[in-house]
Amino acid sequence: MIIVMKPNSTAAEIGAVIARIQKAGASPHPIYGVERTVVAVVGETRAVDPKAFLQMPGVEKITSISAPYKLASRESHPDDTVIRLNGITIGAKELVVMAGPCSVESRTQLMETAHAVKEAGAQILRGGAFKPRSSPYSFQGMGLKGLEILAEARETYGLYIVTEVMTPQAVPMLAEYADILQIGARNTQNYGLLHAVGRVQRPVMLKRGMMSSMEELLMSAEYILAGGNYRVMLCERGIRTFEKYTRNTFDLNAVPVLKQLSHLPLIADPSHGTGRWDAVPAMARAAVAAGADGLMIEVHPNPAEAFSDGPQSLKPERFADLMQQVKRVAESVDRALSTVPEPA
Amino acid sequence: MIIVMKPNSTAAEIGAVIARIQKAGASPHPIYGVERTVVAVVGETRAVDPKAFLQMPGVEKITSISAPYKLASRESHPDDTVIRLNGITIGAKELVVMAGPCSVESRTQLMETAHAVKEAGAQILRGGAFKPRSSPYSFQGMGLKGLEILAEARETYGLYIVTEVMTPQAVPMLAEYADILQIGARNTQNYGLLHAVGRVQRPVMLKRGMMSSMEELLMSAEYILAGGNYRVMLCERGIRTFEKYTRNTFDLNAVPVLKQLSHLPLIADPSHGTGRWDAVPAMARAAVAAGADGLMIEVHPNPAEAFSDGPQSLKPERFADLMQQVKRVAESVDRALSTVPEPA
Amino acid sequence: MIIVMKPNSTAAEIGAVIARIQKAGASPHPIYGVERTVVAVVGETRAVDPKAFLQMPGVEKITSISAPYKLASRESHPDDTVIRLNGITIGAKELVVMAGPCSVESRTQLMETAHAVKEAGAQILRGGAFKPRSSPYSFQGMGLKGLEILAEARETYGLYIVTEVMTPQAVPMLAEYADILQIGARNTQNYGLLHAVGRVQRPVMLKRGMMSSMEELLMSAEYILAGGNYRVMLCERGIRTFEKYTRNTFDLNAVPVLKQLSHLPLIADPSHGTGRWDAVPAMARAAVAAGADGLMIEVHPNPAEAFSDGPQSLKPERFADLMQQVKRVAESVDRALSTVPEPA
Amino acid sequence: MIIVMKPNSTAAEIGAVIARIQKAGASPHPIYGVERTVVAVVGETRAVDPKAFLQMPGVEKITSISAPYKLASRESHPDDTVIRLNGITIGAKELVVMAGPCSVESRTQLMETAHAVKEAGAQILRGGAFKPRSSPYSFQGMGLKGLEILAEARETYGLYIVTEVMTPQAVPMLAEYADILQIGARNTQNYGLLHAVGRVQRPVMLKRGMMSSMEELLMSAEYILAGGNYRVMLCERGIRTFEKYTRNTFDLNAVPVLKQLSHLPLIADPSHGTGRWDAVPAMARAAVAAGADGLMIEVHPNPAEAFSDGPQSLKPERFADLMQQVKRVAESVDRALSTVPEPA
């Protein structure tokens, strides 16, 4: 941590800053420059709250040196985290594909989709039973009934299940039905929920909020890791910007940058990242070329009838075509698609 | 709702759109233009999901005509909502001021602050007992002990209490201690929480998320109103932009625009809106001049020692000075500061 | 400048950084911490390009300490800059008001508007003769003919003229007709143009770009000041964000922050800052309460017929009403409206 | 165009809107709904300014139906535009690569870089002779001398030249030296400059501004096309967002979306799109996988000594490696790298 003093700060003000650093158990290193003085803080700096200095007389600004996350950082854990489900791995050479509808709408709809995505080569079935909707008048999900349908699809087709959990209370129940618990973009900083999924033994896919910085995403992952659940994967799904031709701006820069900063696997969701089905295949290819460890794709047997996210859902035949394209791109970057699992 | 067809859409495609509108129980009105056809949808349009049409062949885009919120709109409720606590009103001519520390840190800290803000003319004491923090390693609040200290301050100084609630489970307990329940900016779209506060009989202050549009804020208010709790006030506290000299960009445009669109009272929070104590007085004045119904201001007896939000907290003497400034601006726009309450 | 080394950087890498700093003529101060080393750079740091170090082995990041602008900073010029025209001042206690149409459309339209804004108490007439338009098919301004009409209005009504200049070549001509040259928001970083207005003896009003940070705005002002023209005023007119209910997000935080950082006068433009005439009076009041030194307001005798910016233009009677409101708010913050000038 | 009336609009207000549409030469089609009336405008709608209606009594909002660009749209020109230089094509199956330093700094630096990028397979040499810099104290480019060095490199190595033009006056001179004129991101809406390059016979590469929407980029292209220069290529180079770990947010969504909306070739610039050399190869691969027609990459023989953009520049050996990676990805999407040209 570096404390930058104002150009006209007094010796007394500098002295007070130094004393405060010492009181916190760290070591101050003042550097007297031509225009101004800066004080570097060395030692146990995590005990020193940077913001506290901003109100001290003569202080102009504070600069942090260390990243605020630790368990999520590659510094603390240089090797890639690989999450193992029975028969597949997430974060290793093989890419996983999660596909399925935004919402479970009916048994027929889900089973039909599950069959199609399995045929096309996906390993994991997505589908929301509890849906966060911006309007209280929109379809809110089938709830428990939806979970039961997902469980049936798992058994019938041998697919893993990823589904969203929205409240801390629901975590234990969801953890029974799902192979992967999803934290949605609106809950990236719902700390009660992060706390709750940190205490169960289920892999968690943490989506980046539409206005979360990469640092905040890693800090939210830190909550889950600090709770004791180390099987966390991140998901880039687009951020909010001024651009209006797409629903979100898919920030694929996050792929190389997060892979450098963190050891956690990274999934890319081009369906939400674009909001337009006609841009999904191109951006799925791009995500794989950039180095993502997996994809999450919305597929619906009849997107025009979907209860939610129809505009960004692919028809099964288009999804099958996407899988062929992605396979070729994966090979061009020395990756491969995961094979279809045979769960116990 | 208006469905815009592509320039080269066929009669069959237009026919399919018309049929689908009729099936949903609404009336289609096709208009055949020189370059393209548009189909207006009239009647029970809320039953028709606009996005469903985007996947139909020949459709280019969809435009909504009506606002998606209803109970929150001024159309449905032309008169201003006025929230009454014993002795004060929120949303009428008199402005309320909520002031206090970001977090309750100790009995001494809170009682000292409560005394100071009461002396300066505030009516409502703010203070967090449960804190949403981006780092799992930061101070998370005093919890129940903090609530008890808040209750003591209420009794001693005759101030109302506003405090944040973070999980649905905590709502009943918080509703016992607080006069106003605050939904924080990270929870603006935490639908489980909105649902829960919609079912208690406590006024709710809903903060705009740093990523929420005004429309989304009104949709979140709609959740609470639809749950049966009509005592909702909105709070503008800054949005996230590219600007780095301030913590957030305080969107005071929201004051006149939300007051036009909605009947709900609107509080402005210049402490979060700027993130800099040295900009708080100017922006408090601006918020009142723009037409806000109240202010929320962070005050701390010793900001340099604050556990959180020190950089944006005012010392008590600066807060007293701000109150004098605000009083004059309020009078210049024919408003007045609320008098200090004498709660039962 | 602070150079932060990676946790595992070697002594050789640190040595290379130190050598490079010395070669540039500055003094390196290495600080060896528990986790990592940082090297502070002292002395003639402006000669050292911070970015150059980012490619050196072992370097993690660079932090600048000093602001990159100098002439525009309050540090270098503690007193407020006051720009004097004959009979009025900009940046002193009295507020100036610039009002008029977006574009000069005809002699009748301009003269009628000039008469109205003078009656209402404005001192400066705005009106574009050369218009930057996002479409090549939109009205591009009346050009020279528009300037002549502005000149006539000045003589008839005793108003100063502010008008936009778009290309370096046009600067000398515009400087003959205008009392203040306006650099528009799309040209905030048009360095050729900044260079050109830095060499004439006319006050310049520099608008913040919709994409410019406050720092970039001050750097653009620095271009003009460095050219030798010290009569520069800044203008906040809204930035681009995700919010869609307003044309721009009016960043009034810029008022207190820029007034702290810089000595230059600051004008606020609520017409562009909101894009909605019905929000202009509220935000004009807010800007004055926040401490702006003046206002720029679009006024049109018949906004529904305006060639440009109709939605944000006020009718003359609404502008007169706004002036009354603004006058009261100005007095509440110990400012006053400038009197109407009597130019030579 | 659709004019949406307020719910309580009167028959007289609707009548006035209808009359105004007729006066403009278009046909009004009112549709009387349950909650409100909308008026569709059919026929010569380009003559009708949508914004003019926003000030009419009873009008709530206006929705445009047609895109505001015409010559740039794929509707008006369904086939891909292919720009031919002697021996290479831009916008066809083969991808072009533009590589070189941000700025021409010396003859040695440029010739060394030219040799390296040619060896690695690039066809076009980039290098700025006139540089837009945010600080007046930074290196502003070598000017004419830089152009002469570029011309020598072209002759020596058989590479095409792309370089930036910053002012309308400089267009003719630059057009003599450059094979492609670049409009930089800060000048995307510098209409005087767009006008000037629309009147020369040189291909133009138009960069997207850091806060330009895709629609605004296409409107700026429209200026050049409307001037008579049809050889325009677009360039995605990142937009400004709240994310701080990268210099810009590289919006690769623009690749599939702009290719659908427009027939113009699209180049991707991952150097500016990320601002970090260590993310450039991943994002170059991603851009090609998404469907870009070419790449622009910053290469410098010694990035740590670069006068500008060092942090995002690749060393020659890393660039050669990138070319190998890109080649494989290109093949996986049925594209190929262009061969090295043999200019006349």
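For clarity, chains are labelled A, B, C and D in written order, and residue numbers in each chain start from 1.
Keep this in mind: contacts are C-beta pairs under 8 Å (C-beta built on N, C-alpha and C of every residue); 3 or more make two chains touch, one makes a residue touch a chain.
Bear in mind that the values here come from a model prediction, so they are computed numbers and not experimental data.
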Considering only mean CA positions as chain centres, point out the chain farthest from subunit D. B
Centroid spacing, where centroids are CA-atom means, of subunit A and subunit D in whole angstrom: 31
Centre to centre, by mean C-alpha position, how many angstrom separate subunit B and subunit D? 39
Hey, how far is the Cα centre of subunit C from the one of subunit D, in Å? 27
Touching two or more other chains - residues of subunit C: 211, 240-242, 244
Examine which chains touch each other and state the graph shape they make (line, ring, star, complete, other). complete
Sites on subunit C touched by subunit D in the complex: 20, 46, 49, 51-56, 68-69, 132-137, 166-169, 186-187, 189-192, 209-211, 216, 219-220, 222-223, 226-227, 240, 277, 303-311, 313
Residues of subunit C touching subunit A in the complex: 2, 4, 7, 29, 31-36, 38, 40, 42-45, 63, 65-66, 75, 240-242, 244
Contact residues on subunit C for subunit B in the complex? 211, 213-215, 239, 241-246, 249-253, 255-257, 260-261, 273-274, 276, 278-279, 282-283, 285-291, 325, 328-329, 331-333
